[in-house]
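As written, the chains take the letters A, B, C and D, and residue 1 is the first residue of each chain.
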Amino acid sequence: MSENVGTTLDVAVFGAGRIGRIHAANLARASGVRLKYVIDVNQAAAAALAAQHGAQVADIDVALGDASIGATMICSSTDTHSELILKSAAAGKHIFCEKPVDLTLDRARECAQAVERAGVVAMIGFQRRYDPTFAALKARLDAGEIGTPEMLVVTSRDPGAPPVEYIRRSGGIFKDMLIHDFDIFRWILDDEADTVHATGSCLSDPAIAEAGDIDSTAVTIRTKRGRLCQINTARRAAYGYDQRFEILGSDGMLQAGNVKPTEVVAWSKSAVSQDVPEAFFLERYRAAYALEMAHFHDAVTKGAPVRTTVADGLKALELAEAAALSWREERVVKLGE
Amino acid sequence: MSENVGTTLDVAVFGAGRIGRIHAANLARASGVRLKYVIDVNQAAAAALAAQHGAQVADIDVALGDASIGATMICSSTDTHSELILKSAAAGKHIFCEKPVDLTLDRARECAQAVERAGVVAMIGFQRRYDPTFAALKARLDAGEIGTPEMLVVTSRDPGAPPVEYIRRSGGIFKDMLIHDFDIFRWILDDEADTVHATGSCLSDPAIAEAGDIDSTAVTIRTKRGRLCQINTARRAAYGYDQRFEILGSDGMLQAGNVKPTEVVAWSKSAVSQDVPEAFFLERYRAAYALEMAHFHDAVTKGAPVRTTVADGLKALELAEAAALSWREERVVKLGE
Amino acid sequence: MSENVGTTLDVAVFGAGRIGRIHAANLARASGVRLKYVIDVNQAAAAALAAQHGAQVADIDVALGDASIGATMICSSTDTHSELILKSAAAGKHIFCEKPVDLTLDRARECAQAVERAGVVAMIGFQRRYDPTFAALKARLDAGEIGTPEMLVVTSRDPGAPPVEYIRRSGGIFKDMLIHDFDIFRWILDDEADTVHATGSCLSDPAIAEAGDIDSTAVTIRTKRGRLCQINTARRAAYGYDQRFEILGSDGMLQAGNVKPTEVVAWSKSAVSQDVPEAFFLERYRAAYALEMAHFHDAVTKGAPVRTTVADGLKALELAEAAALSWREERVVKLGE
Amino acid sequence: MSENVGTTLDVAVFGAGRIGRIHAANLARASGVRLKYVIDVNQAAAAALAAQHGAQVADIDVALGDASIGATMICSSTDTHSELILKSAAAGKHIFCEKPVDLTLDRARECAQAVERAGVVAMIGFQRRYDPTFAALKARLDAGEIGTPEMLVVTSRDPGAPPVEYIRRSGGIFKDMLIHDFDIFRWILDDEADTVHATGSCLSDPAIAEAGDIDSTAVTIRTKRGRLCQINTARRAAYGYDQRFEILGSDGMLQAGNVKPTEVVAWSKSAVSQDVPEAFFLERYRAAYALEMAHFHDAVTKGAPVRTTVADGLKALELAEAAALSWREERVVKLGE
């Protein structure tokens, strides 16, 4: 494990795309953090992000070979995640990695073992757990406000489908989009899946079906304790990014609603109207991304227990695999069957 | 006082217009009530309403001269209210009268004295006090939920101005429209006005100004105990009938919101929308009108204390006079000055 | 078919329980309707309801043998529905029957054929379709406001489980409770089920499990056109009767929310609060029940096409059977398999 | 005017209290800004803020005598505002000054003249105009969404009264608290006051009355064009900081609602509850403060026209004076009388 981790932290950022820039800016805000290297196959993007933070453009080996680097932030494309996790762990660097760990379970398990052996901090980017609304709901649930949780309904809809090229390399909707919802399920119900049923359709764009994928899903999970969860997702909600869930407990219900840009209410001849939700994940989870990085910083510099681990990433991936199997074979799948 | 008041009640209805028809139908629903006479200068309207309830068209003297009549319902035009109150009281009939008692204070005081002397039940149609939302708010206020009431804000807007002919005979906006709001003020703050300030403008239709009236008002009342009330009214709200108030207390606030026809929420590309409020008083106060008549029936047949008395009508009228004076003379008016 | 159907209608009411009394009062409000007979094994209940409407207590044969009777209202216990439908049809009476038609598909099909042969009006009590909120949503959906419907999420929760004796005779949660939700599904998505998956648990009361039933379900339906529907139900929601659904379309979403008793909003030190929903179906669907009877009256007296037919009852029952099978065998069930 | 204003900006901050720290942090975020001096009679506070930004503690003369300083931020106590404005203007520095300009009109006018003569950018801290909700409402109003504005209702309540020592030096509630509401009035109605009426009471704490002030006010303004405005304020709202307004126009209404910390909705046996509003101005106007500083930076470095000028500060102060006079003399006051 890197020796120079204390209250200051030198960091290498892999991936200078949209999410890499956000994470970099958030982490850099913590006192004592220095972004030292930016690594990206897109050299221009790497250079721009490096310039913004006074960092250098580098390659993987240089970054991981520098003993002063305490942590890596893996924000590159999904197919590079596991390699960078394994190399970072081998180099004794603490790791923040965007979801998913990998598109295959075997490889993801290998990563889990590697970080455990290396004894490094390893955190997966399930940013929703850090969202103020979701986190407040979870705290109230844990405080017993609605008794025992019994049934969870998750609504998770994107404002529009990504390009079909993206979908082709995404691993499918269950791994690409529902991976977050599966994590929400485990976190909120505090239980593991016993069986999963998934169905779906391609309703928005035939090109998605041609790519072997679907754009709308309906998933049901029954947990080992008999709790129930229903997840409905769509790649396209005309009104924007829809991120809600509700948990019914023995003594009441808690709902997490969408976040609006403003609190303006307009009364016209025909309707009383409010804003549509925040446009997409960058806006909706702005606060969550900042709190997520603050947590990573705490985990690395103060030893705070990581709240979204590689094991969580693995479990969500197992659910995604099971759901995909259920959808393909049109049957109920038992986890671990 | 009429001898045949018991659990059955024969009634004479004065006025077969919109509000007369509603009150008649509501009262007729009570068991033991018989609408016996309908009186209206518009004979066709009288005949239609009478037919609907198996009643007879009659004139004032016949109706009041019939000893079997236990109660009169005065739903005719404002300029007939006081005469019908005085005659009904003289004949020993119980009285329900629409607001206002009269457009002049002297005449209204005469009515108050007459009904007191006659010992009859006399109730004024301040239906808002019977509205389920308003009444629930008042009950919670009285139960101490928000401590001591301190400040009341009343929003009271019509969907559109009436014809200017109506406005000319209306007694002006303060007596015609705000009379209800002044009653809400006294009821909710449970206090009497010390000073009143009113201002206003004619913003929707110049014809209203030509008729010597205004269509928008801003009224402030300070009570004897120092509590504050602000009332804003408009003859025209493009989005419909707007009937809200909120009361700030030492421990919190209670708001009474508008009532919507349905609970549909529509999420479109541009907005998240709900229904505009119920269109006008007939829809908005449908439940209130029914409960009001049930209360009148209880007052007459079971001796329940009347909740909206002629004295309440007088007090609201005094406030309307003071507000009109304040507006005309652009000064603060002390009640009873 | 009964000859005396015109603008007047003599009616026989089977079942003087809670729902029978509501339907009787609503139908009696229509002009020209006379409740002539009340039939109930509970003679006291029959007598009370008869007295209220000036009707007579009778037995089945007398009621159906009276040629003046134009329609029967079947509000008795579920196990009597099919017999009374068959007998009413045979006697040429128009029929209103509470859901479900019967607990077995064969018997329900027999009823469907009988009413068709008899040419009588036959309406099933799926009152939700008449609810002002649900009906307004459906009208806006049909008008194309959100484009093509794609995904429906139904939340349907009772405020508390009925006595286990009731549950034992109920036919199970799918036939007893979800029958309404299956009808909502067909009505809103305007499509038929291709496959259904159901799972569930007994989470509130072990006695329900001992009776062979569950109290919480999660159902997913995929339609012939690939549309998706998720239904979540619970016998016990601590906060009351929860009746919501939302339909995602290609251009937006429409939600039907709960109905509150009042529009009071309370701001305290700790929360901004509104009323919990209307307590249970009698309160929640008060308006729906009235509109339902008005529709039945129109169907019988004016030939208006029946909006909730025996065929609809059959389809909902098929879904309930399929869902129960899916739950018991833990597999996806194809309709008509 | 200071010569070194370009894309980089050296700044002196007067006042290292709560609001000074916020403005300093927000301004420092802009690229090219350097906090060079912090000046405060509380040396410890000055040192702490200086340390945080790599600035130096200085006194007024040193700071204003340094030709490299392009702008001053006046966040010190109200009684120092005008002196620092005058000195900053004399030194050719651009000025950001917290409200109010001064507690006396003469002195405030002197400041307005001084900044105009000096030709410096001078901006007053009416942060509410920069609030995302308020600014969005204003933009929609200006775009004509509700036609011509006619009536404004402002609700402005603090979560609790400040210490009476603060109140004694505050200039009274109209200058201290309503100054913001008077600015909102002018900004939203886009009109100037013709007459003002104010009344008020001391309802929360007798010590406030002993200090010659009140804690609850009700103000009515009629504009030169006949538009109406009602403002209700209270020093203590048990449920927190309440900052709402609504503007009725000829074609509809726009409301600006409170901002909640989270979007959690809790359904319990007794209520459906949401969060109380953000606690106080630091939380409620967090985004507004950041946008305000970004605007100041744009004004200084890019010549963007200042949106909240010293003239705006003067106008709000005139209204505060008029309102205080109206309250004291219990009469309607004509502006400029």
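Just so we're on the same page, a contact is a pair of C-beta atoms (placed from the backbone, for glycine too) under 8 Å apart; a residue touches a chain by one contact, two chains touch by 3 or more.
Protein identities per chain, from UniProt: A, B, C, D = Inositol 2-dehydrogenase.
No experiment lies behind these values; they were computed from the predicted model shown.
Simply put, of C-D and B-D, more C-beta pairs touch at B-D. Ranking all chains by how far their C-alpha centres lie from the centre of chain D, first place goes to C. As a whole-number value, the distance joining the C-alpha centres of chain B and chain D reads 43 Å. Centre to centre, using the average C-alpha position, chain B and chain C are separated by 40 Å.
Chain C and chain D have centres, each the mean of its CA atoms, that are 58 Å apart. Among all residues of chain C, those that touch two or more other chains are 146, 237-239, 242, 251-253, 266-269. Here chain A touches chain B in the complex through residues 237-239, 242, 266-276, going by the rule given at the top.
Residues 146-148, 150-151, 153, 155, 157, 195, 197, 199-204, 216-218, 220, 222, 226-230, 232, 234, 236-239, 242, 248-253, 330-332 of chain D touch chain B in their complex. Across the interface of their complex, chain D is touched by residues 132-133, 136-137, 140, 145-146, 251-259, 261-269 of chain A.
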